[in-house]
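Multiple structures follow.
Shared chain: subunit A. Partners: subunit B in the first complex, subunit C in the second.
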Partner chain A sequence: MSKLLMKGNEAIARAAMLGGCEAFFGYPITPQNELIETMSHVMPANHRVFVQAESEVAAINMVYGAAGAGGRVMTSSSSVGIALKQEGISYCAGAELPCVIVSVSRSGPGLGGILPAQSDYHQSVYGGGNGDYRVIVLAPASVQEAVDDVGKAIQLAEKYRNPAMVLLDGAIAQMMASVVLPTQPLPRVDTTSWAATGDFKTRGTRNVINSLYLDPAKLYAHNQHLQAKYREIAKNEALLVDHHPDHHDGAIIAYGTSAKIAIGAAQRLKEEYGIKVKCIQLRTLWPFPKQALREAIKDMSFALVAEMSMGQLFQDVLAFTRSDTVIGYVGKAGGEIITSDDIVNGYLQQMGGEQIEHSV
Partner chain B sequence: MKPTIKLICAGFGGQGVLSVGQLVGLCGIELGYDVSWMPSYGPEMRGGTANCHVVLSESSQSPFIGQDMTHALLMNDAAFNKFKPLIKKPENVIIHTGLIHQDYPGCDFSVLAHEHHLDKSMNMIAFGMVVKSLGWEQSLGLKVMKKKFKGLSDEMIFNNEKAFLLGFTYESV
Partner chain C sequence: MHPEKIVFTYQGDGDLASIGAAEIIHAANRNENITVIFVNNAIYGMTGGQMAPTTLPNQVTTTTPLGREIITGAPIKMSEMIATMDHIAYVERCMAADGPSIMKTKRAIRKAFECQINQEGFSMVEVLSSCNIGWKMSPVDSLTYIKNTMTQTFPLGVFKERKHETNH
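Moving on to the complex of A and B:
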């Protein structure tokens, strides 16, 4: 398979189309503009649907409609745009509609800036929509991983009838990298039992897409059904990668761009300071790989969380690992990419027990 | 194991530094490297140091941005001041001597391009010098240019190749 040199945004768009995405609904926002731009020509050229909606809210509701009809559907946006989509994402989760949301995060809060950050961890993992719902969140650290994750998101969304998000930051979206794109569309899951396709006459029963349950007992039953599904996803799909299985002195825990930088930092800690630290890259943020992470750091006295946000991941690591391991934090948010110096210095400074200020 | 190459190309927007970086990336793919090309975008582009970091590595795990850069093509003063300190070996820095008055390898790309009626292909002179300084074959540069510029006019392709060869054979003092 030949390698291409391609921008993250373009590669994600092409991977989605090649993976069999049938309809894309989006609205422009930096730094994901090339994604929607690429979709605007590759989708029509391959007899698929492309709509530049009038707003993010419109786009996610078009996703709801097309997914409800059994289509393989995607939308993409960035931070503030994803914030606008939250109500629609909750509706998709409530009605159990498979769809893919690509979130290319920039820096916040508010309008923030257009440079990369990972401050949308809470937004992605916990969501801003109402109700007890969950979104599968995959976190690629390179263009190739982003391409692979788009395919994986399509499959997980369809397998579990649930929205799946690919969360990356502006750095991965804007960079070009050598990448191999998929060659075959992904296999389809049968949707005839639930998709509203208008063939009532031949089927004899009506498929209804809905998230409204006015009867509290029915809504409670629906929530219990959703929770059972989420437990199943958590059991099957949580994933992390241990980049240094033979390093046991300590760990750096990160995802996305920060993980990529952390791999280099772990290498430097070994070469320059003789400390064998492993880089643990979280590949899914929801489900969070709690068990595997607990296992990976259980005999360590110290582990450092590195993130381009103000302690959002740190707090989850603290809550989920519940071990004697001291958890440190290094991070920045605002558009600057975390450096290997930041991580190496943070590690050396805190491994001795020095406490630093982090988010509250 | 091939050595990892980390190149910064920086200058004004319009000087063509991002394209030079992409061509170096394409050379990397031909040579079997894992490649990343990371551009500046947003406010930095408007401040005079449009730049890209190109990393060619045998491992796909190499960070795509870092402080241990090995090579640089610097096309204006702001870029020189910002990125020169990141490069350990001065001989690995190529500068635009028309805009940077420092004692480093390079040439006055504007003047050289103008003398040869290649004003629009100025960055290809720089690409030629970069390929030469990385110890790569002339044919490699020409090969990736052919791929990258498919669809351009014959005249533009001819001029780009001419400029590339001018840079590749240029003796920097």
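Moving on to the complex of A and C:
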């Protein structure tokens, strides 16, 4: 396997194409532009579909159409653009269409800025579309993890017939790093039982893609079916990585770029202060690895959440762990990247303190 | 995804001329090899009779109780607008108001699908149709209204003549 030096956005695009993505629909927005730029030539060159849509709304609805027709489909965008796609994501979830959404987040709210942030945690994990739906959210912390997560997102989307999102920030997308790309397309799940492919005559049954249920009893049954599926995903797919299995004094909980920095901060806490703190990197944000996280911090008096947002992750960690462990928070949002100093100082200042509600 | 399959949309005036206006214009501009059946009854029928972008001047709807005024915009002529795109295959406006006009509409729809089968590109048939409940008229009066009133604003005819040239 040869390593290539490549920008995050380009690597994600090439990984998707090599992984067997058949159609891509995108719309320009910084900081994910190199992704659609790469797709614009690698997809047609490999006899796949590429459309630069007229808007994010159009792009996600093209995803709905192409996924409904049985295609392996992807779109990408950033913060404000993902906000526009939310209605379509809810439709895809409602109609149980497998699709991959790459979200390269920038800072917000509103137009915000184009520099990295993790303020789209709520947007990704809880969504802004209507209804009781869930989107699988994978959180890579490096270009290689992003490449791997694109393949994983394709597989999870098809396994569960559900939208899957890869959430990263502009730092990873704009970073050049050495990567190993996939060498062959991922195995395909059979879609003939549900995909609307216009094969009524040969199949003998009609496949209809729809999210409208005017009969409340049928819609309730559909929602119960979706919830059962979500429980299955939560049981099977929640994932975290403990970067310091032999450290037990405390923990730093983070994902994405913050986790990368937290690994170094944990190292410094050990070397400079003799405190053995483990970095726990959340690899899936939905399903949230509740059980594994509770287990990992249960005997600790203190754990620090480090995030590039204003307490969004902190809130969930506090709610999901429900333990005597005091949960601290360190973070910033606006385009500045959290530093090792921020995390080390945050840890030292808050350890030994009482539980404070850091979020609003 | 399946270029060998026949693909068509069936869209009302709220969908095609308002909330989905950007999408239909760009689908036409990409000369997608699809057929669009555009049902224009100048009102939002399914939601209970509100103003549509195609609602006629002075027409009473549940959101224009005193009649549509120009401050809310003029009726959008989608067939004329889409026909400005030189490279598309075929655009015609018909009506479903009596036997002969329905037969003419049928022939237009057939022609639109032939365009698609022959890979000529984007084809659209606009059909002026009635919504007697939303218009608060008898079914017979509403057919007369299509013929005598709607066609004043939305003239019938071919706006993009089929050239039988394969585009795809």
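Note that in this section the second predicted complex is superposed on the first by the 356 of 360 C-alpha atoms of A that agree within 3 Å, B and C clash if a C-alpha of one lies under 4 Å from a C-alpha of the other, contacts with A are read in each partner's own complex, and residues count from 1 in each chain.
The rule is simple: contacts are C-beta pairs under 8 Å (C-beta built on N, C-alpha and C of every residue); 3 or more make two chains touch, one makes a residue touch a chain.
Predicted, not measured: the structure shown is a model, and the values here were computed from it.
After overlaying the two complexes on the shared chain, residue contacts for A:131 are found with neither subunit B nor subunit C. When the two complexes are overlaid on their common chain A, residue A:176 makes contact with subunit B while staying clear of subunit C.
In the overlay built on the shared chain, the residue A:23 is in contact with subunit C alone; subunit B does not reach it. Once the two complexes are laid over each other on the shared chain, residue contacts for A:55 go to subunit C alone; subunit B is not touched.
Which of subunit B and subunit C touches more residues of subunit A: that partner is B. In the superposition on chain A, contact is made by A:243 with subunit B only, not with subunit C. In the superposition on chain A, A:71 contacts subunit C only, with no contact to subunit B. Touch criterion met: A:3 reaches subunit B, while subunit C stays clear of it. When the two complexes are superposed on chain A, none of the residues of subunit A touches both subunit B and subunit C. Of all the residues in subunit B, the ones that touch subunit A in their complex are 22, 25-26, 28-29, 33-39, 41-43, 60-67. Subunit A makes touch with subunit C in their complex at residues 22-23, 49, 51, 53-55, 57-58, 61, 65-66, 69-71, 197-198. Per the touch definition, subunit C reaches subunit A in the complex via residues 1-2, 5-6, 22-23, 25-26, 30. Residues 3-5, 30-31, 113-115, 142-144, 170-171, 174-178, 243, 260-261, 263-264, 335, 337, 339-341 of subunit A touch subunit B in their complex.
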